[in-house]
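One chain, subunit A, links the two complexes that follow: it is found with subunit B in the first and with subunit C in the second.
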Partner chain A sequence: MSLAIKAEHISFSYAKDGPRTLDDVSFEIKEGEYVALIGHNGSGKSTLARILAGLISELDPNASLTVFGMEYDKEHSAEIHSKIGLVFQNPDNQFVGATVRDDIAFGLENRAIDPSLMDAIILESAASVGMEEYLDQAPENLSGGQKQRVALAGVLALRPSLLILDEATSMLDPKGKREILALVRKMRKENPSLTVLSITHDVEEAVESDRVLVLAGGKLILEGKGEEVFSHRELLEENHLESPFVHELSLALREEGVDVEPTLSEEGLLEELCR
Partner chain B sequence: MPIEFEKVSFVYEPKSPFRHDALRDIELLIEEGVTTAIVGKTGSGKSTLIQHMNALLNPTSGRVKVGDFVNSSVKKERSKDLFSLRKKVGMVFQFPEYQLFEDTVEKDVAFGPRNFGASKEEALKMAHEALLRVGLDESFFTRSPFQLSGGEKRKAAIAGVLATKPSILVLDEPTSGLDPASAEETMLLFEEIKKEGTTLILVTHDMDLVLRHADKVVVMDEGKVVKVLPPEELFQTDLSDYSLDMPKVYAFARKLQERGWQLDMKDVRDVPGLAKAIKNGRRAS
Partner chain C sequence: MASLSLGRYVPYRSPVHFLDPRTKLFCLVLLIVTVFLGYANYSTTFLMAGVSLVLVLAFFLMTRMRFTALLKSLKSLWFMLIFLLLIYAIMPRSDNLDWVAFFIGNYPIYWASILDALKILVRLMLMIALSLILTASTKPLDLTAGFEWYLSPIRWLGVNTAAWSMVLSLALRFIPTILVDVERIMKAQSSRGVDFQRGKLSVRARALVSLIVPLVVSSLMRSDELADAMEGRGYDPRAKRTRYRKLAFHWGDLIAVLLVGAFFGMCVAMSVLSFDPFLEWFQVAVR
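After this line comes the complex of A and B, so read on.
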């Protein structure tokens, strides 16, 4: 399978000779994969997202970054950007239109999409996030969750191959969170080649992903499937991270002398306890 | 200092087609020293309620008493001294880091004390104290707030509210967007501040936080206060009417109970507590 992202020796400092926000980070993400990137506050997660989005381009000379097989340089950056969709944390900061329709149209206009096709694309992407009834609403009449769905619709309208979610659910209430995650799941089902990189604090979301990357102090300290990554509980704790609830509970039960296996599966733990 | 709501209603844009009744006939006493959580789905009136506590909003009808400060629908009844009210009632709004604006961290934190009349030197001293308190050492004082990481920004913003030494602290989703350890650290800080005599009011969707930190929970729905009770009682009832989540420990316990387990949840507030309850629990055979 071909690679969506191949990052090698990515290092970056905001100030010249300042501390390294990212320190020799290398990883690969395959096309169609759903990868969760977790890390403590200040671990470099958002900086990595900015680099992938092309908002930061001055990388260390040893660094190499290719996206969909293209070197991330001046020559290819426009084409790479056309394949990436970004949704950020704050629903208010990324709503640029006067109405939902305008907001979704913004990206399409930027890409000079044929205006005669636009209405249909806008309607389709609004419908795919359940916001087709709100096309003429202004942002102040929408909840945070609805605004994030519009942000997602705006990104979807451009048919990205790589979707980067930078803590896209962290300002939402539990219902809003669930809706966004369900939408991402639906999008991947409809388009299995869509690659998703989700930067998140939500370890319960990370469990659902295909693979988890863990950043700490600018370094990639763990990578693998959820079960593998969350088995390194002490290392995660040292780096301000926690294990998913079910895993913590299975370990706490063992400490109490209850005979269960460490697990990430709620169903598995319930079955074991009811055997 | 207690806060008392007496028949408070609030209407947004009363004379327009967008009229919205955000609060309806609120009768509520928030006691001093009792950590009170205010919960309810988005749009239930939580934010409107807390904005009455430091007179950012005046009631459309009724009266709010904060200590001896009166925030009333009747202009003549309203206390004038907004400065001292806002000094007493500190608000940490959601994602406060988006409100940092000065060019150095210390100036940003000193803004509050300056605003409430402290001299430049006094205000800086108070700012430094508050910054050390939240765990930002001297090396942060003269840095730009915009060079800090998300977690550090949050701490700086909290320091800005603590610098004025409020006696009531209203926290709107204080831990969202923080990594688990920083969230824990932040709540420990607030617990310490509580021990020194500050009353905490917590507005949140995070029921794990409510279970661990609140003494009392106020449930809001469609602008009304529908329940006031301790968290362990709230989570024994059906919460789906108010679209509240269960804390994770209760959600798991409920699944065990559905499969015939008997668990004593009285003292369960976290994962180790649930593990103990399961160890001491029984399965009906």
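After this line comes the complex of A and C, so read on.
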């Protein structure tokens, strides 16, 4: 399977000679993979997302970033851009249009898509996030979760190959959170080649992923399958991150002498216990 | 929150909603000019103001705007009325000083002062109501598309009119969001003991600072994220974009332009000819 992202020696600082926001970060993400990126506040997660999406282009000279096999250069950046969809944290700050319809149209307009085709695309992507009845609503009349679903629809309409969610659920209530996660799951099912990089504070969200990257102080400190990453409890704690509850529980049970393998999912733990 | 509904788009399917934004902008300009025309005398002025008021109310009913919204927006005009009355009482216009309403001590207050103040007030009210009807019946994006169309000639001077109209539509889009911020910050600061209502001027000024500083910071953060989100969705002010919403001129627009144009023409004629309907038609001399 080919690589969606190949990042090598990514370093970056906002101010010249300022502190390094990202410090020699290297990783790979395969096409179709669902990767969670976790890390404490200010660890550089959003900065990394901006770099991957090409919103920041001044990289360190020995850094190399390849997205879908293309280098980020003048020739390819437009094409790379068109393959990446971004959803940010604050639902209000990414709602550009006056209504849901106009907001979904915004991305299509930017891609210079024929206006006569737009209505069909808008309806289809709104329907896929369950917002087809709100097409003419203004953002003020929508809940945060609904606005976030519209943001997802706006991104979906552009048919991205890589979806980057930068704490897309962190301002939502548990219900809104679950809905967004379920939508992402559905999107991946419908399009298995869709690569997802989900940036999150919420370790519970990381459980869903194929792989977890942990960023601390601009450095990539851990990388691997969820069970593996969360077994480094001291390292995580040092960096103000905790393990998911189920994982903690399975470890605690093990300490008490119950014979279970550390696991991340409730079902997994149940199975282990019934064994 | 009711006060925040001011100037907002009110979704509804009225004839006014269906008009092309360019038509509405054109009509708005004509009607505002009409409102500010001077007529032969006070009676004609107020007669025409009455006619305009009936028109405005008709539009108002058509667009299903709430009257409370209008009244709220006109509430602050009380202040204006008192201010104008004061100005005209102190400095009455020199023609028409034979008609004293009453005396304050030895100081005469002329009817002309009161009527002049009322005249300006009525004009302001009509202007505000007309603008509100426009913003209530036109989506911000359509409105800016209309503006852009009128500005398109200056594109030949190298001005990026599409980018400016995007700036305008974003401003319109974010007004409600920022008003919510204002409310939120005011609540937060009130809970910390800041009083926005009472106090000496210096206290009030400090209260205002405690509102403005966080507001500016939060707006800057918003704009930062917005810029990222827009760029992430492929927005490039210099690139060629297509438009989802096409402006289209219909028969209704022609009719609206003709009707408003006729009304405008009639009012201008009355103004220029100093026509006095009371004298000409009813043979009564009213001031």
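Everything that follows uses one rule, which is that the second predicted complex is superposed on the first by the 254 of 275 C-alpha atoms of A that agree within 3 Å, B and C clash if a C-alpha of one lies under 4 Å from a C-alpha of the other, contacts with A are read in each partner's own complex, and residues count from 1 in each chain.
In this section, a residue touches a chain if its C-beta (ideal position, glycine included) is under 8 Å from a C-beta of that chain, and two chains touch if they have at least 3 such contacts.
Just so it is clear, the structure is predicted and the values come from calculations on it, not from any experiment.
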item: Touched partner set for A:Gly145, first subunit B, second subunit C, both or neither; value: first
item: First, second, both or neither for A:Ile113, with subunit B first and subunit C second; value: second
item: First, second, both or neither for A:Glu208, with subunit B first and subunit C second; value: neither
item: Partner chain(s) touched by A:Glu132 [first = subunit B, second = subunit C, both, neither]; value: neither
item: Touching partner for A:Asn90 - first (subunit B), second (subunit C), both, neither; value: both
item: Which superposed partner A:Glu71 touches (first subunit B, second subunit C, both, neither); value: neither
item: Shared subunit A surface residues [contacts with subunit B and with subunit C]; value: 89-90
item: Footprint of subunit B on subunit A - complex, ascending; value: 14-15, 39-43, 46, 89-90, 143-145, 167, 170-171, 173-176, 201, 203, 237, 240-242, 245-246, 248-249, 252-253, 255-258, 266, 270, 273-274
item: For the subunit C and subunit A complex, residues of the former touching the latter; value: 8-9, 11, 139-141, 169-170, 172-173, 176-177, 180, 222, 225-226, 228-236, 239-246
item: Parts of subunit B lying in touch with subunit A, wherever the complex brings them together; value: 41-43, 94-95, 98, 147, 149-152, 154, 176-182, 205, 243, 245, 248, 252, 255-256, 259-261, 271-272, 274-276, 278-279, 283
item: Subunit C-facing residues of subunit A, complex; value: 50, 53, 55, 81-82, 84-86, 88-90, 92-99, 101-102, 105-115, 118, 136-140, 151, 154-155, 158
